[in-house]
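In the two complexes that follow, chain A is the common piece, with chain B as its partner first and chain C second.
So, the complex of A and B:
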């Protein structure tokens, strides 16, 4: 089955490659990564700072289900409009390290486009930890909900 | 192939999955692991034993305490981690697509 989103994470590599095709013109896809109000809508994060220019920096924040604040930040290394963004990304006060992200935007047709997102981590271990995060969050959130229910019933 | 089957059996159980997620964040003693559950120490010990036998967890003696940590080689067997990761991005991209579609129609 052809999936719209693909993830390649080979053993013993420091990177993850994510590809996705969109029913969107490449200009709109690119815009989704460069306009703070739009980023807020689809990332579900608050954008505290977003200075989209070469060597400009950005900061996002979000809350986990327990209400703890999680902040992220990074720097725009370089970009080519409608083609490429190279930036760093880091979760603050967490042991997951900083990552280098290379976004390549490709026009497929007038109305469709493809995104190639390479993420390079500090080490194979950091890569593996980051890869496992959604799996762990899924479990932890389920666990927290269960905990909440158990606490209430006491 | 025997190891692989064992690994999947090990992570099929929700309690064992929770243990994996706890230990993935930091090495823990059996007592510290058990504190997260309402089950008896024996039940949790049994789960830890299974995870150790499947080489997902590794024991490490630190002073008088035994700590369990994730065996990174054991975890490599589990392509299953990729699917939650892919799902997260798929959901995120679907959101992006719908946000941009309504943005486009507003213009």
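So, the complex of A and C:
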């Protein structure tokens, strides 16, 4: 099945570039990354802390199917409403290190928008460790879920 | 003149790797990056904010020789005392973007230590813009200054 989310991970680079067009207004897409209640719904994580401001930070937690706790945390370097978020992201106790993430939100029409996400790793090796997970399928699935949940809420 | 600070910037990579051995105990070297009064001395910047903790942040300011204000800011993703700092760093109003910086501090002997610093850019282009500045000379000069000031304070 065709995946709507495009993922580019070139050999020997330490970044992953992700793009997706959503049938959602850009304001709603931005909320999916900045409002704790919406994040909890589509990411399926518990939001333990979400201080969304310049120099803010966040802490998420979830469990894998075996009941093991998985924790995520990061800082908000800065943001521009409906346009951009620059943050760090770490999946704790995994060999992926800390990532710098840049989210760019673009209005395409009143009802459609595009997300460009750059995930930049500490090294090529850290990135390649992460790509051993079903990364492309996972993010496409998460984006489908995001779009589905927010389409219902419109 | 030989530069004590080693700077590696491979073609087509989006990182700069910096290493330097200091005639300073690791505890003192770590303080050079975590105590505002010492940062002000060797960086020559005014420290406007320095909240050094996990998910903390900082804001520095200085002026160029023409009197133009130069501002820097970032977040502290996390740290381990005398071992590691992971933070973001941005030189404002410059085409270098936001960097992810990893500092690793290593004790070599009671009186000597090594710093390994990785600076990871949003893209190869952002990094190459920064390298147009006299980057290698600048960081070597700053490290010399750091070592000189802290040697006197011992």
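Rule of thumb we're sticking to: the second predicted complex is superposed on the first by the 131 of 154 C-alpha atoms of A that agree within 3 Å, B and C clash if a C-alpha of one lies under 4 Å from a C-alpha of the other, contacts with A are read in each partner's own complex, and residues count from 1 in each chain.
We adopt the following convention: contacts are C-beta pairs under 8 Å (C-beta built on N, C-alpha and C of every residue); 3 or more make two chains touch, one makes a residue touch a chain.
Fair warning: this is a prediction, and the values are worked out from it, not measured in the lab.
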Message: Looking at A:90, would you say it contacts chain B, chain C, both, or neither? Reply first, second, both or neither.
response: second
- request: Tell me which of chain B and chain C touches more residues of chain A.
  value: B
Message: Quick check for you: in the superposed arrangement, does A:66 touch first (chain B), second (chain C), both or neither?
response: neither
Message: For A:28 in the superposed arrangement: first (chain B), second (chain C), both or neither?
response: first
- request: Using the superposition on chain A described above, determine whether A:55 touches chain B (first), chain C (second), both, or neither.
  value: second
- prompt: What residues on chain A does chain C touch that chain B touches too?
  reply: none
Chain A partner contacts - residues on chain C that touch it in the complex: 13-15, 55, 57, 73-78, 86, 88, 90, 98-100, 102, 118, 120-123
Message: Touching residues of chain B toward chain A in the complex: what are they?
response: 17-18, 20-21, 24-25, 36, 38, 72, 75-76, 80-82, 84-90, 92-93, 95-97, 99-101, 103-104
Chain B-facing residues of chain A, complex: 3-7, 9, 11, 16, 18, 20, 22-24, 28-29, 31-32, 38, 41-44, 115, 125, 128-129, 131-136, 138-140, 143, 150
